[in-house]
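All chains are identified by letter, namely A, B, C and D, in their written order; residue positions are counted from 1 within each chain.
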Amino acid sequence: MQRVGVFVCWCGSNIAGTVDVKAVAEALKSEPGVVFSTDYQYMCSQAGQDMIKNAVKEHNLTGIVVCSCSPRMHEATFRKTAAAAGLNPYMVEIANIREQCSWVHKDMLSGTEKAIILGKAAVAKVNLNAPLTPGESPVTKRALVIGGGIAGIQTALDIADAGFPVDIVEKKPTIGGKMAQLDKTFPTLDCAACILTPKMVDVAQNDKIRIFSYSEVTDVQGFVGNFDVTIKKNARYVKEDICTGCGACVDKCPMKRIPNEFNLGMDNRPAIYIPFAQAVPKVATIDPNACNMLKNGKCGLCAKVCTAGAIDYTQKDEYIEEKYGAIVVATGFNPISMDKFDEFAYSQSKDVITSLEFERLTNAAGPSAGKLLRPSDGEHPHTIVFVQCVGSRCESCAEKGKEYCSKICCMYTAKHAMLTRDKYPDTEVYVFYIDVRTPGKNFDEFYRRAVEEYGVKYVKGMVGKITPEGKKLKVQASDLLANKQLHIDADLVVLAAAIEPDKSARPLATMLTASMDTNDFFTEAHPKLRPVESPTAGVFLSGACQGPKDIPETVSQAGAAASKVIGLLAKDKLTGNPCVAGSNELICNGCSSCANVCPYGAISYEDKEFRMPDRTTKVRRIAVVNPAVCQGCGACTVTCPSGAMDLKGFANLQIMAEVDAICK
Amino acid sequence: MQKITREQLIEKASALLSNSTVSCVLGWGMGEFDYDVTPTTFNSVEELEKGFVFSDFCGANFSKYLVKKAAACEGKILVFLKPCDTYSFNQLLTEHRFDREKVYVVGIPCEGMADINKVKAICGEGILSIGSKGDKMTVTTLYDDEPVSIDAKEVLAERCLNCKSKKHVAFDELLGDEGDVIESNRFDEVARLEAMTPDERFAFWQNELSRCIRCNACRDACPACTCEKCVFDNPNSGVENKSPANSFEEKLFHIIRAYHVAGRCTDCGECSRVCPQNIPLHLLNRKFIKDINEFYGEYQAGAEEGQRAPLVDYTTEDLEPGEVFDRRDSDA
Amino acid sequence: MNNKYLQEEIVRISGVNVSKCMRCGKCSATCPAYDEMEYHPHQFVNMVENGEIEPLLNSESLYKCLSCFACIDRCPRGVQPAKVVEAVRLTAIRKQGNNHLKADDIPAIIDDETPQQLLVSAFRKYTK
Amino acid sequence: MQVNEYKPLIVAFCCNWCSYAGADLAGNNRLAYPADVKIIRVPCSCRVNPMFILRAFQRGADGVIICGCHPGDCHYTSGNYYTRRRMAALFSMLDFLGIERERTRVEWVSAAEGAKFAATMNDFVEKVTALGENKRLEDLRCKK
């Protein structure tokens, strides 16, 4: 029989406000095995923990029940407390009387009643607890970063800096991501390329970092510390190690009218291309859908002009298998499609563009060499209208927009408006906003400067309708503060499109068994306390794949994710979860049902000799669980017909004891 | 009524014993009455001649016996399997419950077995002997001077009326003619119950299951129930319950048992055959089989060795538990 | 009849949750009758939310709304301002406590071109 | 107001990674649902043995709900797919035996769906309350 101590936490008034904690402590005193029961304001505080430690010594406790907040919050805390008091940490059970009781029930009577029942269930369970010791598994000291934007670059650099090898997998031909497409960055207005490209060079030159560009992750197996990843290197038909990036092939390629993705289709590139001058790796890539040689075997010009002999039309996709200890997801974002927003005439007029297109238009390396010219006729626009929140905060238009705030649009729109006024003082610039959100260091000052120093006209009110008419765009909007309707003849309209996670994120999440929210942003292990970790151990989050972020935030999160990875890789061994399955060989049938359902391949079979009661021996096939591989889901326990398979920490009898305690 | 005769079987068994292919034979032995046939192991030709019987009452499914007998027999064991038994044979092989190398299977044709309760319903109690000739059965009782002749088809066991297959899915050799898988109406009764209101269904099962005396015959005869230790006998399983101490039988025993064999049950019908209270237990199993067929595609447990049972498998497109009822309601 | 009662009545008739409005003004920006109106679609929503019903009931704006539903289509929050306008209009009609259209009036105004649906909706709007 | 208002007893099995966290989120956001719901934490919905469900009913539960990650989101890759098959078979069987189908439910609740958790529980409690006490699968002798 256990000697159980019960500790009821008030959590200030969080629990005590709706649950009569004294009554709970009193009621649980008479439960089987309970030898001590008390309550305290904050069990998780030092004083509370000391109280538990003292009680363990004083009453020779063998088990502890803490009635408090969710075990997801403080189970680890109280397990440490138990360990400090000399108990096995797995002799602790938590009754969740805060999140699942006091916070969701208003009535003291029913709250207290439920808290007592939850307490009884925890006592019933702890009575059947057994000390558990976690197993150990080795750590592969290499990290994988998926995505080569600023988030992935920063994470990789920081991990490499700590001395661990890192691989970056980037699906585009070059790393750099969205930041490489930007012109200037808010709120300091430094040029994006000036701060990004040195980092890209650092990545290329760092001997700890390998770049798999034009590649994607196709399979992930294993678990924290021991991931087995398959990377598909798409054939780029150019030998990466030989190509010097001289660009002779790009100049000579006759297929020159392929929409240039890097400039968002606003100009063209050849079939063999290098996305931009500072690309890393600076290696040409052949677009198989555009290349005549690959499509019908006619041309071969690039191979002729390549003095290095790097062109290889026979190149095949290559699959690389590698082991990693940690995986960082940095898959980033994309602006949403504007095709369905008919009211803004995006598909009707070339002069209605998105903000990212505006970045390219104003970028010195862009399609107009940095001159702000209308895409339709190349003329200088005199009236420019910026529309914010296009597709963001859009609850009723799930099929085209997003319910959340995209966070970065207010600031980049202020930047665009300010830069336009600065460079072309003869233009009139309107910004239509619902709210201007500027919570960030020097952000509001930046926005105010746009208004006060640069004379950008901010109008409170969403644009209702844009109609192309001749060379003009008729903008109809309502100035809500002046309570009057505005009709503006604009030359250029810039839509601040909402951003969404990259499409590759969803299938990746499935491979990683990492959870996502309804918007396909990766879920963090805890929204406040573990913001850069996925709930799946060994998977970390960096940048906009977790939620909309600007560059400074992305970089700080990237560094944080890196430090978590470094912390993991610095360990030689990981202590596993001791709550693993185990088979009772005496009653195992050896039927293989459990191995069929095990997602980790943790179960194998062996023939074992048993001595029978009549002193004969019998060889029987029995299941054996590898505790280092088992993750403790329990699928096998239910499929086992004889009940030989059970899960430590969540044993059949323990769960049934909880059921009984609740139903009593 | 059986086309194969005792003599043919003894001849085959004797030959296999004599040429040392097998060292023992699992067959039917005489019980107290003609209709009371008992599975028996025979070790010699003499024993066979003396005790081996074969009649319309040899319904027992021998596959289950192999779990213990195959290991106990020194050499190979000869087993006579009817078509329906061979499905259980494969299922047990899939679950590694015995060593295939230790077994020599002779598949025998089956014309359907008789149900003694049906015989008794016609001829009354006090049966002294039952003979068989062609489609007729001759029954001699204490109370009748003349033997009563009855049509064998009339006393066919319920499960044989709904026979699903006359085809052997596993054997080393076959005696007699091989048959085919049959289109049966075995799910009709399940469908009839499904069409009832929940109250009617509850009343039906309450009436049936309340007769259970927990003799465990269903479990002991079931070829899917071969666990080293049954959960109902294991104090650590949480559902240990050896005797009818409370309403456990009505509520849980048969549900848990049916669930345990779901996806593994070959629908051999042994549970209902051996039930002394005549509870139609096979309907619970058939319900699972029917559901599995409808939800996840046709599946016959034991049709092939090594099949993956539906409940240890999945597709990402499976229907949701809540849709189970929507589906039925829309069918109705 | 106080404002609170009217406010609840309008919310009930329209089935609109006015507190969902985030004051973006896209409804007014998109409204073709904006210049004709004293109170604009977003103001209808906000004023109903604040219980300022009387000015709306007495405003000509009620009858300027074309019921073109552009505001409903464009609203990013699914507020449906046109339904609010319609509910206020109905309230104004009902408030006067009499039937504005009687069956006996119909023969005088009807002609062969009059669609049946017009009569039905007219009855719905103008009778109690 | 009725004094002896009938209160159902609901057992909810929640997987640790999604639904239990979803229940916690409901708490964080103070989204109320009836105190009749008692949650048992399991590592994965696939840990829920049908025997636990039957046991709960036998001991007097009026409704049992199993909550897990959405299909495809299982922390253990495939656990909830097995749950889906197992529970479909079990629920269909209970229905076959005449047990009211509204007493059992499987719901997928992610860690981000606190509101869905509360709404699900409110709805489930309401449906089970409407059915009244579970007499059919409950062992009367085990009830106090």
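Please note the rule applied: contacts are C-beta pairs under 8 Å (C-beta built on N, C-alpha and C of every residue); 3 or more make two chains touch, one makes a residue touch a chain.
Predicted model, so just to flag it, every value in this text is computed and none were measured.
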(request) Would you mind naming the chains that touch chain A and likewise touch chain D? (result) B
(message) Just the number, please: Cα centre separation of chain C and chain D in whole Å.
(response) 45
(message) Counting only Cα atoms for the centres, state how far chain A is from chain B in Å.
(response) 55
(request) Give, as an integer number of Å, the spacing between the C-alpha centres of chain C and chain A. (result) 46
(message) Taking the mean of the CA coordinates per chain, how far is chain B from chain C in Å?
(response) 74
(message) Using the touch definition from the top, which residues of chain D touch two or more other chains?
(response) 50-51, 55, 72, 78, 82, 86
(message) I need the residues of chain A touching at least two other chains; which ones are they?
(response) 597, 639, 652, 656
(request) Would you pick out the residues of chain B that each touch at least 2 other chains? (result) 231, 238, 311-313
(request) For this structure, give each pair of chains that are touching. (result) A-B, A-C, A-D, B-D
(request) Would you mind writing out the residues of chain B in touch with chain A in their complex? (result) 71, 94-97, 226-231, 234, 236-238, 260-261, 264, 308-309, 311-313
(request) Would you mind writing out the residues of chain A in touch with chain B in their complex? (result) 586-593, 596-597, 605, 618, 620-621, 639, 641-644, 652-653, 656
(request) Sort out for me which residues of chain B touch chain D in the complex. (result) 190, 193-194, 198-206, 231, 238-239, 246-248, 251-252, 255-256, 258-259, 262-263, 284, 287-288, 291-292, 295-296, 310-316, 318-325, 328
(request) Spell out the part of chain D that touches chain B in their complex, as residue ranges. (result) 50-51, 54-55, 57-58, 71-72, 78, 81-82, 84-101, 104-106, 136-142
(request) Sort out for me which residues of chain C touch chain A in the complex. (result) 20, 22-31, 34-35, 40, 42-43, 70, 74-78
